[in-house]
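Here the chain labels run A, B, C and D in written order, and each chain numbers its own residues starting at 1.
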Amino acid sequence: MIDQPPRDDSDDKPHEECGVFGVFGHPEAAKLTYLGLYALQHRGQESAGIVTSNGNSFFQHRGMGLVVNAFSNGALDHLDGTMAVGHNRYSTSGTSTLQNAQPFVAQYQRGPLAIAHNGNLVNAFRIRRELEEQGMIFTTTSDTEVLTHLIARSRQEYLEDRLMDALKEVRGAYSLLALGKRVLVGVRDPSGFRPLWIGRIGDATILASETCALDAVEAEVVREVEPGELILVTDEGIKSIHLPMLAPHSHCIFEFLYLARADSVIFGETVVGRRMGFGRQLARECPADADIVVPMPDSANLAALGYAEESGLRFQFGLARNQYVGRTFIQPNQQDRSFQVGIKMNPIREVVDGKRVVLIDDSIMRGTTLRKMAKQIKLAGATEVHVRIAAPPTKYPCFYGIDTPTRQELIASTHTLDEVRQYIRADSLGYLSIEGMLKCVRYPYSFCTACFDGSYPIEFSGQNIQQLSIDFTRDRQR
Amino acid sequence: MIDQPPRDDSDDKPHEECGVFGVFGHPEAAKLTYLGLYALQHRGQESAGIVTSNGNSFFQHRGMGLVVNAFSNGALDHLDGTMAVGHNRYSTSGTSTLQNAQPFVAQYQRGPLAIAHNGNLVNAFRIRRELEEQGMIFTTTSDTEVLTHLIARSRQEYLEDRLMDALKEVRGAYSLLALGKRVLVGVRDPSGFRPLWIGRIGDATILASETCALDAVEAEVVREVEPGELILVTDEGIKSIHLPMLAPHSHCIFEFLYLARADSVIFGETVVGRRMGFGRQLARECPADADIVVPMPDSANLAALGYAEESGLRFQFGLARNQYVGRTFIQPNQQDRSFQVGIKMNPIREVVDGKRVVLIDDSIMRGTTLRKMAKQIKLAGATEVHVRIAAPPTKYPCFYGIDTPTRQELIASTHTLDEVRQYIRADSLGYLSIEGMLKCVRYPYSFCTACFDGSYPIEFSGQNIQQLSIDFTRDRQR
Amino acid sequence: MIDQPPRDDSDDKPHEECGVFGVFGHPEAAKLTYLGLYALQHRGQESAGIVTSNGNSFFQHRGMGLVVNAFSNGALDHLDGTMAVGHNRYSTSGTSTLQNAQPFVAQYQRGPLAIAHNGNLVNAFRIRRELEEQGMIFTTTSDTEVLTHLIARSRQEYLEDRLMDALKEVRGAYSLLALGKRVLVGVRDPSGFRPLWIGRIGDATILASETCALDAVEAEVVREVEPGELILVTDEGIKSIHLPMLAPHSHCIFEFLYLARADSVIFGETVVGRRMGFGRQLARECPADADIVVPMPDSANLAALGYAEESGLRFQFGLARNQYVGRTFIQPNQQDRSFQVGIKMNPIREVVDGKRVVLIDDSIMRGTTLRKMAKQIKLAGATEVHVRIAAPPTKYPCFYGIDTPTRQELIASTHTLDEVRQYIRADSLGYLSIEGMLKCVRYPYSFCTACFDGSYPIEFSGQNIQQLSIDFTRDRQR
Amino acid sequence: MIDQPPRDDSDDKPHEECGVFGVFGHPEAAKLTYLGLYALQHRGQESAGIVTSNGNSFFQHRGMGLVVNAFSNGALDHLDGTMAVGHNRYSTSGTSTLQNAQPFVAQYQRGPLAIAHNGNLVNAFRIRRELEEQGMIFTTTSDTEVLTHLIARSRQEYLEDRLMDALKEVRGAYSLLALGKRVLVGVRDPSGFRPLWIGRIGDATILASETCALDAVEAEVVREVEPGELILVTDEGIKSIHLPMLAPHSHCIFEFLYLARADSVIFGETVVGRRMGFGRQLARECPADADIVVPMPDSANLAALGYAEESGLRFQFGLARNQYVGRTFIQPNQQDRSFQVGIKMNPIREVVDGKRVVLIDDSIMRGTTLRKMAKQIKLAGATEVHVRIAAPPTKYPCFYGIDTPTRQELIASTHTLDEVRQYIRADSLGYLSIEGMLKCVRYPYSFCTACFDGSYPIEFSGQNIQQLSIDFTRDRQR
């Protein structure tokens, strides 16, 4: 039985969107993909899927929930072949149903095709409307289906050329994998919003969102796919093709702040180094007269350690986290969510009692969790709670693949710093500056900071974005 | 948990294909459709689905197995709206997976569309290839998706006109329902292969494959949809439109012989009358010097009773049937099927011992079951077993919606009457003649008898039919 | 997921209670037991279980629902060993939960023990209270657990002697199987209420409730276990031991009337012969001036055929039955059961229109179904409906293993013949007499007719019976 | 579908055994218990169950897996009443099946009884054999059933007195809850091996294994149940009764080292304080000439921080942990476990490259995980890896409720310090001394250190322990 994991609406965090993983030329392609998706689980927990090819036929399985749930009961056994693409999803476009679970599989003139897509196409809605006007039908609400149509319409002979034809028409963020019967393609948008890596196990080629997935399958890390680069893997080897479209690089800074796993390397730099660096810079910009530095567990651990090291304050684990909190928690009483905070994390009285606490978090979306924890920490005896955020104020929604709240819901967008401070019941509040944040990366100009300053590197029609998420049919399919 | 019901490959019967049921204008549209599909369960046990519309949105649920299994756990509760189409499926085209379960739902220029289809389009494969060459993609292996594409490509404004455009291009058998946001359409092919009925509950309109489904929801039986007639149901009422294509009527005689339920009326006549009539005619054509007439339970009950009445021989229940035999029987040992006959039915010694038995069956496909039962009946003491078939020899496969074995597997196609008799170990064997069979219906010339004489009323390319069933991807989706 | 099949409270039939099946000395003991339970499915559809022994360890699986559901997903594979007992259950004592599903397995001084029990112990409640007073605990609400306690308390060395000790203390109906590590025991109560048979496959011994289960596994039918006989099967062979308790034989006549399968032989006579005989005797006792004889499908088929043959009236199938009606039907609207009749069976207008119909049923419990069908048959055009019941009026509940309604609910217990006739809306009503019924069996004095005349062959305290069914804990275990 | 979570046999950690939670007098007793079990999830992940009483009837649900899995699909809704006991289980005695899932429910003379037990009774096997000899039957392999028998045999009138009678006969570790129709009892063995707390929500009384569960339901923490104290909760209030048995206190030091949650208070002291203290003491006893201190995530975080603070070395997060690793991971290839380490945690190259690393873990059982991680850390560039264990060498198995490996498997039991060091491929290895460990707690003499020095405070027969785990029947029940 597959139940759709309920979105926890008190959750204050941006939801990561998707992880992709592909294999070419390995006898255990499905198993490697399973392990890779498992390592990329933090990028999407709503559904998971794997499509394999044995050169003649495609085999597929998709399921709701975590990878282990989606592939329970021997589902992996049927996935024959030496080529595979897999996908973890957190829906950023389209509703959360099995029908929308990726990889998206379709048959077109040249045979079967599977696409696994991380990102968001900002003009998907407009293209979809155009295609519908030309008589096309759509069976999902995902923007990936748009891509498949464009590929099918191309007059090119080879998948890579058809894909390039299609990509010329779309705009937005994408790190995507496409699987044909005997070909694996990986491509990254010219802005390079999302990461994508190349690895190798013997003669087999691996493509994955993050290096942690390459490590998980003990693959050798080859290099990052470049922005605007298409990697073509066939029996004849690997070929690199550059898309004709050019764009300034716009790496997603949120990958460093929150999304990527601590042990990954992306955009040419380590996540761990950036994340501790943000903490150190935050200590320089927003010092606090306090006794201890406490991270929100576990996402702010590195930033808090950086803050503590730079400030000289004592780093302490002041909040215990329930390690079994998952996306499937059944709130016994939907009306009464007051228990929820105590269920996820709990202040440790001995640590915070009588102390002036610097509480480090990695971002504020709605502020609800911080508000509750700041209060709990005071109840546990802390004399002061100084909240420090290892990122600038999040004021604008993301349209390039992260599922952030709308602008109205982003508290920093509608309230002053002091209003936010009052709301979260902190004695003081400090954010990292945009400039400070960018000091921590090697090439500051190559990052997208739209969620902080509204400078969207790729234009879009807000209306389109809105409308895209209107579901034409609520699928109760299980 | 949904398990795909294994096809019982020792089964000698043609598999019925599909049942359809539609509602317009009833507050409990989904519930009525559930009941209607339940009454039409004999027409397809592989998967079931319902799509509803509340005028703005579509809601859908599909599942594998019987209606009760597919809609367990409150799946019905979410299906909002006063309009619905439902479908029971036994795959005749496309593989048996949830992805192929109907109704087929897609979004096109004019909004969402759901199609429930009973029949088989003989030129679907060719059209599909053409559409693929024009750049269309396909997400299922069902011929119904072809129809949806044709509807989407039409330049007409209204669903009914688009559907008529689409139907002009396809050839074959179809009794299909189409649901738009505020419109229900039912249409029957010009040859009238499959039945389709109109019923009424108060102001609500019902469309159903057989009258037994109208009875099940206590609907008033209005009339049969005519061959080549399109019924358009909207808020403005019911409208009848005739398709411009003309064809001689070719009702499927197998509906009378085996497929339809005994209490249904189809093609203007009662099933029960035809079925008993076949038995009587059989008695006239193929008398037997015997003591008792025994039906293969329960499908030959009516023919056997007719045979007994006409011949004056004693009608007896000589075979006990396990009432719990379902499509989900797990053969404990896949290699050893010798138990299987005893599990389904068992001779009653007291009835057959010392008797000369006329064993009535409704058809012979491969002959395996009859062969085993004839032997068992002899072992139980019968002195002679005279097999009489209340249908002509089945020599040709059906391409209009029934899933018959291939010609090579049809024993009557490859063996003489006496060879068949020897194979099934009968003392004598007699079939109903085609002429005799047609004497039992009012308008003999209006029936398709292709499975007996190979006179296919609609041409097709055998290759296409073959290829259509090649699966481009084996879906393990649950 | 196992859902408890809802009891259909509009059902007018007595529910059969249990089927048992045992194997000693066959390498595929579990598979044979599965097939045997499958053939005995009509004796219990609520839960099924199999326990096997490989001489050292026990293996068990039990599940809710039909045998095929309870043993889905490879549950059979784990049941190692050459000895097995299996059980189909329809709860007559104790509530319907997995916890109460049989075989009941316990460990006692001498090792593990499994018991599969068909019947009902009328003094189980009193013994249970006594055992509780002596400090025993109970983990189910089934009377079988009482037996296990008594076996465990015995000071005898061997299972058969312990079982005999235990049986000396209990009174009631039982055909039960007990499995030890290397011993299979079958025993039938001295009154012989329920059937139990011995079969053979090569050197392996089979014990089963009915011969149809022996046929299903192609076992040779050896003989019926005698009332008061204990069959001991070990590596040294089969031994017959007679219980010291004596009692007049009291076979359950309802086994012939309704419960057993038509192809079984029980109590030394064929079911089919008795059932047709009841119909013939009914025709002699209660003739009707009518045109056709119609059975309630399928349980009254044989009686109706007997009635037709004796009366010279024409036998006709006048009601079509939905072959897919199972115990798992989800009534979409619990409040509105008006659809239910049409869903289960439906009159065939062509057959009954203008006819005076003799409608044969095998019993009347509450009368609700007959009432509805009589009306439907009239609506379908019948001019008269004469109901004939191939059994005497059921006035008293059964305490020996059949789950009949309480006396207040049995319509014949509280209403005159004419009141019942009016209630069921029949033009006339006739029952078989007790004497007439007993004329149809060879040894009339050896049958229990308590449900018709209240002559309970074994005394009991009504209060005990009542209290036994009080559930001490409602288990929601799945 | 509930699948039994496979034990990960490469796991180096002792498995916690059980968590218990009880409620008396709250309208949402089942919901509170669900939340409490959720907070105690770290104490047992194999099965979970809740039994409630409404004063007249018991209601129960138990399931395999995590609390959220065991109580999916509305199982909570049926659990009526204001009294409840709940249990999380990791089997230490008896096999892992639904049948053994707790709370154990039975009916005895005085009515229904539910028991939830954390601990292990060292003489359970002997008592069980005695009871079996007296004619008792057992339906589970759990030692809790022994207790229930003893309670049922007592001649006392009230549950608390019966329970005390029973406890006089058993020896071992227990923090257990017993629920009668209108009474909740909590009791802790005289040695006080396992924790048990009293909380309050308004007038309702809560009993729970750890304070973190009281925090989770926002209950006021009242006090710890004392060793040898029985807490009786009825409508008349709370009563404290002391068991007549006396014993020196023997708190389980492993609760501080590893088992309890960091934010709990147990045995009168905070877990966080002890855990950091162990790290500080370790730094004093086993200094290392190194650059950074890295914890095995997340169980050694506190000890590592303590070590870093005391040693002055830099604390660093050097290993990234996959937050989604659960007990349900499906090892794709059972033969090949080489992937497993990379899947659970991964060294962060930037942190450890070129560094001399002090790697802190909380214990060594088999040493397999440490061996793999030490190698990985070196591969990631560390020049030296100095392993420091914040506990003494674990040389003896626990018989009081923790599921440790057998003595043969405990590497410290069979190898010298240097052999262990070589095996785990560390440059140096240091353990905390027993004396040093005990310096970190207030009352050193009140702790059990048997797993380190073999001084078992309660005698037992090793044979019994062994035999107890022999399963008399392998249950495949789901």
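The rule is short, and it goes like this: contacts are C-beta pairs under 8 Å (C-beta built on N, C-alpha and C of every residue); 3 or more make two chains touch, one makes a residue touch a chain.
Everything numeric in this text was worked out from a predicted model, so none of it was measured.
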Joint neighbours of subunit D and subunit C, given as chain labels: none
Of all other chains, the one whose Cα centre sits farthest from subunit B: D
Distance from the mean Cα position of subunit C to that of subunit B, given in whole angstrom: 35
For subunit A paired with subunit B, centre-to-centre distance based on mean C-alpha positions, whole Å: 48
For subunit A paired with subunit C, centre-to-centre distance based on mean C-alpha positions, whole Å: 60
Set of subunit B residues in contact with two or more other chains: 1, 73
Contact graph of the chains (line, ring, star, complete, other): ring
Pairs of chains satisfying the touch condition: A-B, A-D, B-C, C-D
Interface residues, subunit D side, partner subunit C - complex: 1, 51, 57-63, 73, 75, 78-79, 98, 105-109, 111-113, 132-133, 135-139, 141, 148-149, 151-154, 471-478
Interfacial residue positions of subunit D with respect to subunit A in the complex: 1, 3, 28, 31, 34-35, 38-39, 41-42, 45, 66-69, 71-73, 76, 212, 215-218, 261-263, 270, 272-273, 298, 301-302, 305, 309, 314-317, 319-320, 322-324, 326, 328-330, 332-333, 338-339, 342-343, 346-351
